[in-house]
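There are structures below to look over.
Next come two complexes, and both contain subunit A; in the first it sits with subunit B, in the second with subunit C.
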Partner chain A sequence: MGAGHGHKLHYHGHSPIHRLPAHVKLLALLGLMLTVVATPREWYPLFAGYLAALLVVIALSRVPPTYIAKRMVIEVPFVVFAVLMPFIATGPRTEVLGLTVSEPGMLAAWGLLAKGTLGVIASLTLAATTEPRDLLTGLEKLRFPNQLVQIMGFMMRYLDVVAEEMRRMRIARESRGFQARNVRHWPVLARSAGALFIRSYERGERVHLAMMSRGYTGTMPDTGRTKGHP
Partner chain B sequence: MSSPVLDVQGLAYAYPDGHQALYGVDVHVHQGERVALLGPNGAGKTTLVLHLNGILTAGAGTVTVSGLPVTKQNVQEVRRRVGVVFQDPDDQLFMPSVRDDVAFGPANLGLKGQVLEDRVRDALDRVGMGDYIDRPPHHLSFGQRRRVAVATVLAMEPEILVLDEPSSNLDPASRRELADILRSLDVTVLMVTHDLPYALELCPRSVVLSDGVIVADGATYDILTDDALMAAHRLELPFGFDPRTVRLPSAG
Partner chain C sequence: MHVPDGFLDATTSLATGAVAVAGVGLALRGARKELDDRTAPMAGLVATFVFSTQMLNFPVAGGTSGHLLGGALAAILVGPWTAVLCVSVVLIVQALLFADGGITALGTNISLMAIVGVLAGWLVFRAIQAVLPKKLALVAPVAVVAAFVSVPVTALAFVGLYGVGGTAPIALDTLLTAMLGWHTLIGIGEAVITGLVVGSVIAVRPDLVYGARRVLKSRELEIRTAEGAAA
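Moving on, here comes the complex of A and B:
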């Protein structure tokens, strides 16, 4: 299996930002996001201010900016949508670089792009400076419902296992000459996804058996350190 | 002999879909014994294991653990006494760190604080994984994960350790390391396996389960050298392995 150390989004370090308690960072992220979303999109200088603040945090955390930049590809679908907006939106038209575009569309695209990018940078910074395990502890400290924290914990634990299973299934498919080249190949992928779902479900049952075998009765016991009491 | 740690009598079980897996099984394991439960795939080995700690309830017959019958009422105490190590360590290790995983069982028994911490450390030291206490389980090698899985059960101080296919998927070095660990533990062991050399190496006594009944019970050496019995129940020695020529490690 040989998963690398740490999570793919986590950048190991010991900066002040890394050392900050997870629940403080979570609250900061939530606060920033609410502020950004609530800011009217015409207040252009404020957005520059937000970006500057984020860049300062990243500089303090000593996470290389390219590390964050590379992971921002997740935003691409939103960027595509934002770029299309000026062309498909209605309203008064204006000329930009010889193209006729919608003015409200331009504004909407700017809003989406600016707010989205700030959100992605902020979330990536949180992920880069916080171990997933600490995030869970942070959520618990913020009195997040215990069941949800448990579910997220299991998800984190088994993400690698399921991803590895998915990789093995893909290799097995390709070893028999399958390549998903066009839409007609999608049913095969759908069946693979179904098989993966059933396997994961069965693993869930086996994990539950193993838990019951060690005396689990429905509530997570307090094991002392990473979970439970603050 | 003293009363057995594990006493299975006339155990029969059919799955809800009607498929009958066990037809009256009798097995007993005494204090300090290491017994192998041998049988081909589909013989009902895993079904039997799930009865030993009350996950499945017998259709007929009884399972008794140190005098305590396995019933709905005392299932919690039974699960403390019978420690099951499942085949896939990924099923058994589900917590964010090795420490939490090993603590899970004893914490369910109500242990807390320093007592719990001592239990966890002791169990990990017994399988030689003490240095990995703060690591996430999914970053360990397969062999290490299997050893931690054994520790998760040892931490509950069971009276009998039940291992489902302990040697499966292990490379020869990890396999030998696990054998050394199992030999060093001072607990009663029931080892479910079709790895016959491993059974011979670790368990002086073997029980053969085939088609839901016990067809043989005796010294492992005698069973592995009984060619007619072996052939009748799809038990085959790996190529080149002859129990008659093997020098066994001094019995532990």
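Moving on, here comes the complex of A and C:
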């Protein structure tokens, strides 16, 4: 499901939602989703309420709703599963539009779709209104292990570098007339992945040496960086 | 396949969250043994690598394509603890920045893909390596088996969790057959790609492959002289 990961989801803005500290937003997201997951799926009006609350937040953040809607394609494989649910679930059968479906299955499909969709909208709103750097600071404030935050920091920092490296390798392949069409082309792609690993690993070693030579002792120094500064 | 919000009930999500916290905590300590103070930059770059390879599409047939999951691959390339960390970080970033996998399901996703997937792959790899002769040429084929096993085992763990806290009434045996059948197919793809990637790294830099270190250690220095070559 990684196909949609090419672009950063952040939508630049200065709304109150953008300015809210990241750890508050993270806790709000977690709290909201835990509530949604714990809500019995038969309480239909509550789900409308959750959706309305999220829409208000999106409106406040001034992120165009189409921006969020377009990125909801990440949910598609899961929607397929939910649509299949009424046909594979057990329980008493009923007829809808000439198809025999399972009644509890219908209800389960609704529950999955409603909760899953709310989760995707809420997460996308967080991603759209929070800079990756602020997210790290937020996680640190929430007492996330420092090592883990550092690893995430490196990952976010080098994501574009490595993705760009991969893009250059693809261009190199294609400029030599290669186009992956079927299983027989896997060895070529796998060798690219192998080369990418070696390059990433060696880059990691270079980064580590560069950090050592600047006095790194295992923890990141606090440089008093300001919020929202990349 | 990332588990979204609302797929498992709240109690199960919290329980798997606790498992994930414990597992990642152990992995943090373990990775320091594997990498020492290189942990942050190395695990960060390897996590970036895992994330990027998931974007590399492998064509299957009829216009469909699949991508690597990378748990077993990461374990064999950089060691199990670092791999658990890397895959966990990838999952956290995917959930927070890309809305892939629900935030309440993060514990479930980490427990399944980062802990069960990586450790199953690694244990199979080590078990087979222990009985086979220590030869560099055997590392990639063993990686194939390890990667193949890791995918259905993860699916099996998912079915187990679903049996405990699933929110939809599906007969467990139906789900089990469907999940195992489907993930055996995915496992074949994962196995072939993992084997090819490990093989290509071993061909160039065998010293970087964590799973090959024992093999390299048992290799004796061989001095080839001009005379020897001529004889």
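Some notes on this structure:
The rule is short, and it goes like this: the second predicted complex is superposed on the first by the 214 of 230 C-alpha atoms of A that agree within 3 Å, B and C clash if a C-alpha of one lies under 4 Å from a C-alpha of the other, contacts with A are read in each partner's own complex, and residues count from 1 in each chain.
Criterion: a residue touches a chain if its C-beta (ideal position, glycine included) is under 8 Å from a C-beta of that chain, and two chains touch if they have at least 3 such contacts.
This one's a predicted model, so the numbers in the text were calculated from it and none came from an experiment.
By the touch criterion defined above, A:A53 lies against neither subunit B nor subunit C after alignment on the C-alpha atoms of chain A. When both complexes are overlaid on chain A, the residue A:I171 reaches neither subunit B nor subunit C.
In the superposition on chain A, A:S192 contacts subunit C only, with no contact to subunit B. With both structures placed on the common chain, the touch criterion links A:A69 to neither subunit B nor subunit C. In the superposition on chain A, A:L99 makes contact with neither subunit B nor subunit C. Touch criterion met: A:G153 reaches subunit B and subunit C at once.
In the superposition on chain A, A:G215 contacts subunit B only, with no contact to subunit C.
Put simply, more of the residues of subunit A are touched by C, taking subunit B and subunit C as the two choices. Contacts of A:A108 after superposition: subunit C is touched, whereas subunit B is not reached. When the shared chain is aligned, subunit C comes close enough to touch A:P77, but subunit B does not. Where the contact sets of subunit A with subunit B and with subunit C meet, they give residues 1, 3, 5, 153-154, 156-158, 161, 203, 207, 211, 216-217.
Here subunit B touches subunit A in the complex through residues 50, 53, 55, 76, 79-80, 83-84, 86, 88, 90-92, 94-97, 99-100, 103-105, 107-109, 112-113, 116-117, 136-139, 142, 152-153, 156, going by the rule given at the top. Residue ranges on subunit A touching subunit B, taken from their complex, read 1, 3, 5, 133, 136, 153-154, 156-158, 160-161, 203, 206-207, 209-217, 221-227.
Every residue of subunit C that touches subunit A in the complex is listed here, in rising order: 1-2, 4-7, 9-10, 13, 24-25, 28, 37-49, 51-61, 67-68, 77-78, 85-86, 88-90, 92-100, 102-105, 167-171, 174, 178, 192-193, 196-201, 203-205, 208.
On subunit A, the positions that touch subunit C within their shared complex are 1-6, 8-9, 26, 29-30, 33-34, 36-38, 41, 71, 74-75, 77-78, 85, 88-91, 102, 104-105, 108-109, 111-112, 114-116, 118-120, 122-124, 126-127, 132, 135, 145, 147-148, 150-159, 161-163, 166, 180-183, 185-187, 189-198, 200-201, 203-205, 207-208, 211, 216-218, 220.
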